[in-house]
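Across the two complexes that follow, subunit A remains constant while its partner is subunit B and subsequently subunit C.
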Partner chain A sequence: MSSFEDADTEETLTCLQITLYHPDRLQAGRFQSLRFCHREKLPSHKVVNFGRHSSSCHYVFQDKQVSRIQFSLQLFRDFSSSVLSVEIKNMSQKTSLFVDNHELGYLNKVKLPPKCILRFGDYQCLVEKEDGESLTFFETQFAWSPTSLLEENLRPLRTPVPENGSHSTLGSTLPTEMDENEL
Partner chain B sequence: MSSFEDADTEETLTCLQITLYHPDRLQAGRFQSLRFCHREKLPSHKVVNFGRHSSSCHYVFQDKQVSRIQFSLQLFRDFSSSVLSVEIKNMSQKTSLFVDNHELGYLNKVKLPPKCILRFGDYQCLVEKEDGESLTFFETQFAWSPTSLLEENLRPLRTPVPENGSHSTLGSTLPTEMDENEL
Partner chain C sequence: MERPLTVLQVALHHPTQGPAAFAKVPPKLQLDTSPLLLGRGQDAHLRLMVSRLSRQHLSLEPYREQGSSLLSFSLRVLSRQGCVWVNGLMLRFLEQVPLGAVNRVAFAGVQMAICIEWGISLEAFVCCVHLSPSPLIYRLKAEETDDHDEIPPQQQPPPGGSGEQTSGSLGFLQDPSPTQDSALQPSPGGGTEIQPRREPPEEALC
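Entry: the complex of A and B
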């Protein structure tokens, strides 16, 4: 059995591959609490916070420019789906979070596409999702990039984001805004 | 200043009024950890779990029929909105959660309408949302009903729920399924 399976059920696990980049890569300690190239198994009901505050966050960035909780990831299941999806919510009142080119303010949230770039401050995170069978657990794995992730991964918008925040006409690289179809 | 405002900013707070009913109302202790007729102020980034497990849940139902975490409520902000919205996610692998007449399986989630009935097992919860100005905090307030909440509050579906879980043709009493408009 590989490390990609649940030891009890032998189901494959959804994995979030997260590649990090910061231009000031020589500053010691920024990522020291993260364990790179290691798969961590987490229960899928867990809300995973990223930020500066070690008591509130599962993954800590040791940087005063980062908010106490910068953003959260959580798993959910679409009604018509048997696999896990991922939602991101911006938890910072002072810093916007960009998912590809889409800006999230405080408490805005979107469903992540299978591959996307997150940006906040000078940080860049490439998030790639590999689907698995288990609904009970998922995994994370961190990597580090010595070069900017933007040129290779961030595709341009087909049309600019309108001022009202709607992006129904934008291209397929954008995440799903989940709250526009209120009945 | 009333108790409905944030003491620091004097902004009004979004309030979730939650009225509970269980047919076995004589069983002592079921709701003993809840403080009725009291407004509790919570930070809006908090994910509020309801269930049996006191370490995992902010509001505890002392009942072995209830899952360790039965469901979670969390606040978010629509892109085009200046007020807080509420999302519910079913965290139970064994019990369906009904929001009005819409069934949520494990890790399914919906945005709550301003007034709705939640059901799981024999429990009924009427949730009524009063909008406030603050984005930083919200409040909860619990009440208890001696009689079933269903007849008065649960309006019938206009059409049955199709087997694939889609409900785009259903009436306005249904909550918003937020994940159908993937790009």
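Entry: the complex of A and C
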């Protein structure tokens, strides 16, 4: 009981939910070093490298098309902010890294929005940040997607289904662009 | 042909401990594109024997500004206890700031001047350390400058994060006369801007 009473006050941790997709995900071992659906606690001052080189990278992709260090994530604080932000840096000289539609060349870095899609090679990663109280630690949690994340996000909004269950012909009544000369 | 490396000319001074604080600091080291760590711990690249220092106190991280072909550097505070003054701006745990061509940094009683000499290689960079017998910083806080004040040309970061080489001399950092440069703060775009003042710390050097 005393250890419970003396323990530091528990704080919620900022969590990075990372959902991975690769068209050939079943290739043996590609993600074998990643523990899916498991939260890993990391110190927030640590630079977290992703890539092929197991001694340089915390998260390893078993894929020769991935650079030894593909990219790095590091947490920082905006001035006087109590929230951790995340910065990504492209460490690959050969492959561009896309954060949504923003291209990062070698050693370029950018602050990640709370939800974004990373792309490099054939890989897609949906990164979602859940803010927490702790500034000392953060967590990562990996999941994989069986379908392309781009298709998920680029898919047009579904036609709303009215409560009576019948589909309207909303699609055909949407305004379409016309050239002035067509009038 | 070898491409010239970017060089961080680092001058160090401790007002009370003197050179003993820097006995384990190598005069020169070369790193790849991973951050340079400064602290008291054994894993620090620049290991300072200062008890008030955290094991990892700060890092100097190389990166490239968008559209630039040269390395830029940012300083990030890794110490949870202490703070770090960078060009008159006080930074706390996990706060970071891009560095300009010439920078004054103070932490845990240590004074440090960092002068960046740009090379074209993006593979690695070099850190050259000099010990200074005299103080490097006379005023921690940024002073607001007049709009018409001119920026000394040797202290401007390269346009868009790239540009001409600096002289490499750290001598002017020891000039105790008031200058505008301590108020200058590199912006993420590589320009300079005046940062808002922060309240002074309880201690002269945090």
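Throughout what follows, the second predicted complex is superposed on the first by the 143 of 183 C-alpha atoms of A that agree within 3 Å, B and C clash if a C-alpha of one lies under 4 Å from a C-alpha of the other, contacts with A are read in each partner's own complex, and residues count from 1 in each chain.
Just so we're on the same page, contacts are C-beta pairs under 8 Å (C-beta built on N, C-alpha and C of every residue); 3 or more make two chains touch, one makes a residue touch a chain.
Bear in mind the structure is a predicted one, so any value in this text is a computation, not a measurement.
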>> According to the stated criteria, A:Ser82 is in contact with first (subunit B), second (subunit C), both, or neither; which is it?
In response: neither
> Counting residues of subunit A in contact, which comes out ahead: subunit B or subunit C?
Replying inline: B
>> With both complexes overlaid on chain A, does A:Tyr106 touch subunit B (first), subunit C (second), both or neither?
In response: both
>> For A:Leu135 in the superposed arrangement: first (subunit B), second (subunit C), both or neither?
In response: both
>> Applying the document's definition of touch, where does A:Ser44 land relative to subunit B and subunit C: first, second, both, or neither?
In response: both
> Just subunit B (first), just subunit C (second), both, or neither: which does A:Met91 touch?
Replying inline: both
> Who does A:Ser55 touch here: subunit B (first), subunit C (second), both, or neither?
Replying inline: neither
> In the superposed arrangement, what residues of subunit A touch both subunit B and subunit C?
Replying inline: 44-45, 47, 75-79, 84, 89, 91, 93, 105-109, 135-136
> Given the complex with subunit A, which residues does subunit B contribute to the contact?
Replying inline: 44-45, 47, 69, 72, 75-80, 84-85, 89, 91, 93, 105-109, 111, 135-136, 164-166, 170-172, 174-183
>> Under the stated contact criterion, what part of subunit A meets subunit C in this complex?
In response: 44-45, 47, 74-79, 84, 89, 91, 93, 105-109, 135-136
> Within the complex, which stretch of subunit C touches subunit A?
Replying inline: 33-35, 56, 61-66, 71, 76, 78, 80, 92-96, 122
